[in-house]
Every structure is written in C-alpha cells, then in structure tokens.
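Common to both upcoming complexes is chain A, partnered first by chain B, then by chain C.
For the complex of A and B:
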C-alpha cells in the first residue's frame, strides 16, 4: 500500500510537469486553432538558455533562470508568434503545423551544433532528500514539483477567469470576430497566449531537466507525451490537459513499477487509441462542431 | 443646424460585376426606429456592412452626428456609440450569460499592467444585471451562453449590444429563427428601450409583420437602390414595393 501511494505521488509529480506542456497545447489550439509540434523543444531549449547563463556568462542559478525565462518569452513567445505564426496563420492551421515541425528540427540541430550533443548536467532547484511519512517515502523534489505546478495552474486559471486580459483572451478564443468588434485586440490576445505558453514551457523545463538532464533530443518524448495528454484529457480544455497530464504521469509510473518498464512508453499510446475510439473529444473535452 | 444622428450619402459598393449598393442616401433621426427591407439580394446586408465598418464603401460617406465615420473599424464605431446585433449568433459560448454582457461593456484599452490588476467587472456587474433583467433572461445569469436556446441567445445578443450605452443600434435580422413568444418579447423590449432611453434603431428584417409593427419609417431597397421610403402604411400600399417583392 505504501508503495502504491509512493508510486502515485511521484507519478502525479511527473504528470504535473507534462500538464504544463499539455496546457500550452490547449491554449494555442484555442487561440490560433493550430498545434505546436515544437512544444517538446520549447521545453528542451530554456534549460540550455540557463546553462549558457551559468557556464558562459557566469551568472548565479537564480539570475540564469531569469535570463532563461526572459529569452524564452522573447524567442519562444514573441518572436515565434511574430515571425512564424502571423505570416502563416492566414494560410490555415496545416501550414503552420508543418512549420512548427521544422522549428523543432531547427532547434534540436542548433543545440547539437552550437552547444553539445551530449547530455549536460543541470542544477536541481530542490535539494535531494526525502520525507518518510509513516512508511511512505516522498522525495522533496516530487513534492515541490507538485506544489509548484499546482500554484502555477491555479494562478493561470485565476488569470484567465479573473483579470480583464484573461477574459479578453477567452473571448478572442471563443469568438474572434465579435471580440474584435467589442474592441478586444484579438491579435494581441493571441500574442499573450503564445507568451503564456512560453512561460509554461520554461517552467516545465526548469522542473524536468534536473531529472532527465539537458539534451538536444530530450524534448522529443516530452512533446509527444504532452500532446497525447492534451488529447486524452480534452484538447480544448485547460482542465482536460491537466487531467491528461496527471493521468499519464501516474499510469506511466504504475506500469513501470508493477508491470514492466519495457513497455512504459506504449501505455500513453494505448490510452490515446482508446480515447480516440471511444471518446474522441477527450475525457473532459467538449465536442467541437465544424461547419462544412 | 442640428445634424441627423446618422447620415448616409451616396454610398455605393460593387463586387466584380455586381453593383450591390448603388448610390444610397438616407438620414436616421434621433429616437427613430427605421426599418431597412428588401427582397433577397437587394443589398441590405452589404449596406449594413458599409455602415458598420465591415466593408469600405467604393464611394459615398457616412456621418454620425455630422462627423464623418466612413471607413472606421467596427471596434472604433463601437466606441463611438454604435451598437449592433448579429444575424449569426455572437455570444461567447463558454462564458456565463452575465460574463458575456460584462465583457461587452468592458473598457478594452489600457496597458497590460492596468488591465491585469483592474477588476474585470468594476461597476459593470450591476449594469449587466439590469440589462439581463430588462431582456428577461435574469434566470439564466450563470448559465454558459452556449447552452441557451437560439431565441434566448438573441436576447443575450441584444443585451450585449446595449452594454456600451449606444446611441444607435443596428439590428441585423433580429427576428430570424426566433419563436413567436420570444419575438413579441424582443419587440416589446426594443420599443421600451426606444421610449425610455431614446435609443435609435436601424433594423434589417425579413419578417414583415415584425418590421411593420416595430418601425416608424421604412426604407425599401431593390437591386442596390432605394425604391421607396415612408411609414409602414405607405410602404404596404406602394405598388413599386409590391412589384419588387413579386419580382415583377
């Protein structure tokens, strides 16, 4: 029993990081009706910004993290939106989706070329250690990951529901034409969405890289898992992406512990197939009508 | 000299070989309910879109209280006090009814910082509640707008149009797809707004009964041009209008 609680808790901790990246998928889908297949690389890259800050600019960790966050917002948020999304969006979602695949390859190759192809050690935010709560061993890292993700996701929800900007972002996503007429600057709201996505990806990067190390290819699996999590939970709902991320995190851990670690990567795919067959809108998603 | 509230002068709009709107001129006086009717393809919607900034007219001008508003964007016109309802449903489906109305009245300008920390509904909740009360949809206050019936969404749409306290409201086929009870309700509410607050309306509508009983003056368009203008009684007995509708 203790082991099961441990496995579930640590699965939730990993799942909450998947959820951060998965929520980015849903936000971008709502705002721009497109899918960012470079999402995994968006999580990989900020870790390298931090390493550049530490190793080449001599910054302390906290400053390097701020530096990484700022660069991510500028490059993965503002520049990505302005240089890639703006010119391509009017040609439909598909060309943009293909362009994001190209961006993913470009980012990986740039890191490999200019930084290193080897996995790089990355400083942990949380000291190693564990608590023993009457037999249940919980690592400090897992607990802090859970708490950080919880705070960020609650903060995001409050931001979207309780601020003028957040409501305008929702309005722009739900009915852009009318929002525009009511005076909402729809283009700016879409930009904010990409910035929020960049911030979420950066946070996911800061949390997961100490576990998996910084490597040019580390975004591949994470991007795929986050994409699956968003579909499983409900691609058009933030809470769906959250649920999908947590579910996959827990299932992944349970499979690895009780069944076999060999097939752990297959489980999310099986779940994906089941959801597409039986509930294509996702566990918490809403069916989307499309006028033909 | 006092200007009419809205003054349309020689507005024309052409799409390829089709002259959708041809040299249309008319005035809308303060406090009036003006109907704009015509057979399908007569240019009503194109004219409406020219007035609302959706299309740029090829020639001609539109003035609000004497100042030129030709070519202004829909959001600029919204700020200038021109409200509108939509033929297609315009609500934000996942927000509640009250949040839809609040959003319609919200100040959308200002810096990101001020808009982050300013309450989204400072003072607006009361006004929004009054409006949904006025349109008799208070009982749906906290329902997601997408779950409302078509007729209820039309009432919500109307409530949203009034949130910015417009002096002129353009209604685009308000009766389309609305059942009779809801229609009577909508008409009565619009008339009440008109008499209580002096709000001016321009209505495009296919439902003759609705237009004739709501409007004080009617303009008839056919093939892009104004073919008749007058009170509902005059229009009812106008041979040119009857011919245009019968395709003679």
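For the complex of A and C:
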C-alpha cells in the first residue's frame, strides 16, 4: 500500500510535467490547426540553453535559466512562427507537419554535434530529499513539481479566461474570421500562442531535465508522450491535456513497477489506440467537426 | 503498347536501369538495389500521402513486418516466392487493422496511430528474443534460387529487384489509373466533393493506406535477401521519416516522384560524405527549404521549369482553378 501511494504520487509529478508539454501542443493545434512534431525537442532544447549559460558564459543558475527562457521564447516561439509557420500555413497542415519533423531532426543533430552526444547532468531546481510519513516516502522534488505545475496551469487558465489578451487568443483559435471582423489581431494572437507554447516547453524542460538528464535524444519520447497525453485527454481542452498527462504519468509508473519494465513504453501507445478507437474526441474533449 | 513520347522515356529509363550496374563495384550495385527497394516502399507511401492525403509514419514498420516474416520463413527452408506473398498479405491486413480506427475520425490521427505502431513494432522486435533474435536480429537468410537463375550474386539480385520493381510499377500504375485510383485523387483534391459524388471516402482512404502498407511489406521482403541481416534498429521511426522525406522530396502525388526522391535521399549521404556529422543537419534544412519554396518536390519543380523553357501549350488558368472549386 505504501509503495502504491509512492508510485502514484511520483507518477502524478512526472505526469504534471508531461501535461505542460501537452498543453502547449493543444494550444498550437487550436491556433494554427497544426501538429508540432518537434514538441519533444522544444522541451529538450531549453535545458541545453541553460547548460550553455552555466558552462560557457559563467552564469549563475538563475541567470542561466532566464537566459534559457529568453532564447526559447525568441527561437522556439517567435523565430519558429515567423520563419516556418508563416510561409507554410497557407499550404495546409501537411507541409507544416513534415517541416516540424525536419526541425526536430535539425535540433537533435545541432545539440549532438555542437554540445555532446552524452547525457549531461543538470542542476536540480528544487530541494532534494524526502519526508517519511509513517512508511510512505514522499520525495520533496515530486511535491514541488506538482505544486509548480499546478500553479502554472491555474495561472495559464486564468490568463486565457480572465485577461483581454487571453480571451482574444481563444477567440482567434475558435473562429479566426469572426475574431478578425471583431477587431482581434489574429496574426498577433497566433504569435502569442507560439510564445506561450515556448514558455510552457521551457518550464517542462527545467523541471524534467534534472530527473532524466539532458540528452539530445530525450525529446523523442517526451514528444510522443505529449501527443498521447493531448489526444487521450482531449485535443481541444487545456484541462484535457492536464488529465491526459497525469493519467499517463501514473499509468507509466504503475506498469513499470508492477507489470513489465520491457513494455513500459507500449502502455501509452495502447492507451492511445484505445482512445482513438472508442472515444476519439478524448476523455474530456468535446466532439469537434464530423466523422469522415 | 502505343509508341508515345512517354513510353519512349520509360524505355530509356528501363534501359538505364539495366545498364547502370555493368562494370560497377559491389558497393554501387548494392546502393542501386537498395534504391529500388526503397523506391517500392516510397511509392507505396505515395499512394497514402500523395493520392489519399494522409500521413503515415509506419512505412518502416511495415517493412519490418515484411522483412521479419520473409526472414523467418526463408530461414526455415520455405522459398522466397512463397514467403513474399505471405509477407505482403500480412502487411496489407495489418494496414487495414491499423487504418480502420485511425481513419474513423477527421484530422491527422493516422499520423499518430502509425507513429505508435512503429514504436510498438520496434519494442516487440527488440523484446521478443525467442522469435526475432532481439537486438541482435536475424542473419544468414538465403537469397532466392530459381533453378536457372540464382540471385546469390549481387548483380543477379539487382536484376531480380529490377524485375520485381517493374512488375510492381505496372501494378501500381493500374491501381492509380483505375476508378479507385481516380477516387484517391478526388479525395485529396476535395474530400467533400468526392463524397458528394458518391465516393465512400473512408473506405477508399483505408484501401489506399492498406495497399501502401502492402508495398512496404514487399520492400521489406526484398530487404531481407538483399542485406541478409536484419535488426530492429533498421526499422526504427527515423527510417519511416526517411521514406516520408523520399516522397516529399521527389514530389508527392507524382507517379515516379518517390523514385527520384529515394534516389536523392539514398545518394545524398554519399554526396554529403565530406560534411561528416553535418549530414543530417544539411538534410533537415534542405527539406525545410524545399517545402517552403518548392512544395511539389523535385518532379514538380522539373515540371515547372520544363514548362517555362519549352513554353508548352498552357493549360487554361481557369481549369487549374476549377480543380479546387
């Protein structure tokens, strides 16, 4: 029983980080109707920006993190939108999806070639250590991750629902033409969405990299999990992505502990196929459009 | 067969295929063979992507299915000519099973489901040692021997692959030209209109995907005797992306586009060898540049250029528009 509580708790902590990446993914889907196949690399890259700041520019951790965040917003947010998304959006989703796949390869290779192919240690953001609550060992890191992600997601939801910019972003995502007529600068809102996605990916990167180490290939699995979390939870909902992320985090941990470590990676995939088969709009999603 | 300009070009192409390996070393012959094998896989994917407009990331997984089934059967003494149809049929059936749920819903779900499938296949191949040899893979598969014609020698195997490739291309051409094939195209151009004209879009898309998957199985089935060593890593997700790139680079929706694309993607590492580790980077940038500036691929680019140079009779502009209405 104690073990189960521990396994579920740490699953929730990892799942909440997956959820950050998954939320960015759904936001981009809503705003630009495209699938970002480089989302995992978007989570991998900021950690290397921070490492560059620390190891090559001699920055303290907090400054390096600000540096990483700024670079991510510029490169993964603004530049990605301006250089790749703008010229390709009119060609339809297919070209953009393939272009993001190429970008994913490019990012991985750049890190592998110019930083290192080896996994790099990464400074922890939150205190290590554990509490012992009558037999249940609770890791401080897990608890802090959960709290940080919770605060970020609540903050994002408030931003989207309560502020003018957030509501304009939602309007632009729901119906660009009508939003435009009502005076919303749709292009700017789409740009904001990409910036928000870059920030979320960066936060996910700062939280997950101390656990899994920084490696050029770590984005592959993370990206896949983020897609699956988004689809399982519901592609058109922020809370859907949150639920999907948490569910996968917990399931993943339970499988690895109690069932099979070899096929651990297969569980989210099977979950994905089951959801698409029985409830394609996702657990919390609303049906959208029509079936073919 | 009517003597038209196009048939003349096809004959020249075939003659080049036959003459290409003469006097070349082992390595060139091997590269040419693998170009044809990947062309088959890419032409299959072209049916899914270029004609039916759906992204599949499972072509390497279907190649794996074809390759492993062929390997296991031929290692147990069954002739390739029996093993190949079994491999192709299995890929076709798997394609139907995977495509069915994914194509129930609109959007790019097939991309995700096929992504998941490729990863699952990789895990099974790596973990089930008793069947697949695990990470060490399978080796020592015999090349088919047809009595009078033994494909054991590399050059013979090349001609064998050319033969299969030609048969496959003819079959594909029949499919694309058939009412089915025209329905695929109609679907890509305008789904709603295709549906209103009585095309069962779901069934047609599923069929395109399954036939494309079967082509992947055929390519895998040729891969086994070609390389005579298969392991899970040769069929990982990266290879699905490579096949996808072949289709895009060559020109999705053009019949021989994937063949050109496969040539470029396979030859590019040789050309870029001097860049050493930067190969994949240059590759990725090339793809992005190509997609931004030349979304129709190399064959599309060639068509635009030849139209500009030859100043051929221009199709009326409103006809072009008409296709989109």
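The definition used in the following text is that the second predicted complex is superposed on the first by the 289 of 292 C-alpha atoms of A that agree within 3 Å, B and C clash if a C-alpha of one lies under 4 Å from a C-alpha of the other, contacts with A are read in each partner's own complex, and residues count from 1 in each chain.
By our rule, a residue touches a chain if its C-beta (ideal position, glycine included) is under 8 Å from a C-beta of that chain, and two chains touch if they have at least 3 such contacts.
Quick caveat: nothing in here was measured; it's all calculated off a predicted structure.
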Request  = Name the contact category of A:116: first (chain B only), second (chain C only), both, or neither.
outcome  = neither
Query = A:139 contacts which: chain B (first), chain C (second), both, neither?
reply = neither
Partner chain(s) touched by A:163 [first = chain B, second = chain C, both, neither] = first
Task = Could you tell me if A:102 is touching chain B, chain C, both of them or neither one (first, second, both, neither)?
result = second
Inquiry  = With both complexes superposed on chain A, which partner does A:269 reach: first (chain B), second (chain C), both or neither?
reply    = second
Inquiry  = In the overlaid three-chain picture, which partner chain does A:257 touch, first (chain B) or second (chain C), both, or neither?
reply    = neither
Request  = Tell me which of chain B and chain C touches more residues of chain A.
outcome  = C
Query = Taking the superposition as given, does A:217 touch the first partner, chain B, the second, chain C, both, or neither?
reply = neither
Shared contact residues on chain A - chain B and chain C = none
Ask   = Which bits of chain B are touching chain A when the two form their complex?
value = 74-75, 78-79, 84, 86, 90-95, 99, 103-104, 106-109, 112, 115-118, 120, 160, 164
Ask   = For the complex, which residues does chain C have touching chain A?
value = 49, 53, 55, 101-109, 111-113, 115-117, 119-120, 123, 127, 191, 201-202, 205, 237, 241, 244-245, 248, 277-278, 280-281, 283-285, 287-288, 291-292, 295
Residue ranges of chain A touching chain B (in the complex, touch as defined) = 159, 162-168, 170-171, 174-175, 177-185, 192
Ask   = Taking the complex as given, what residues does chain A use to touch chain C?
value = 35, 84, 87-88, 91, 93-95, 97-99, 101-103, 105-106, 109-110, 112-113, 220, 224, 227-228, 231, 262-263, 265-266, 269-270, 272-273, 276-277, 280, 289-292
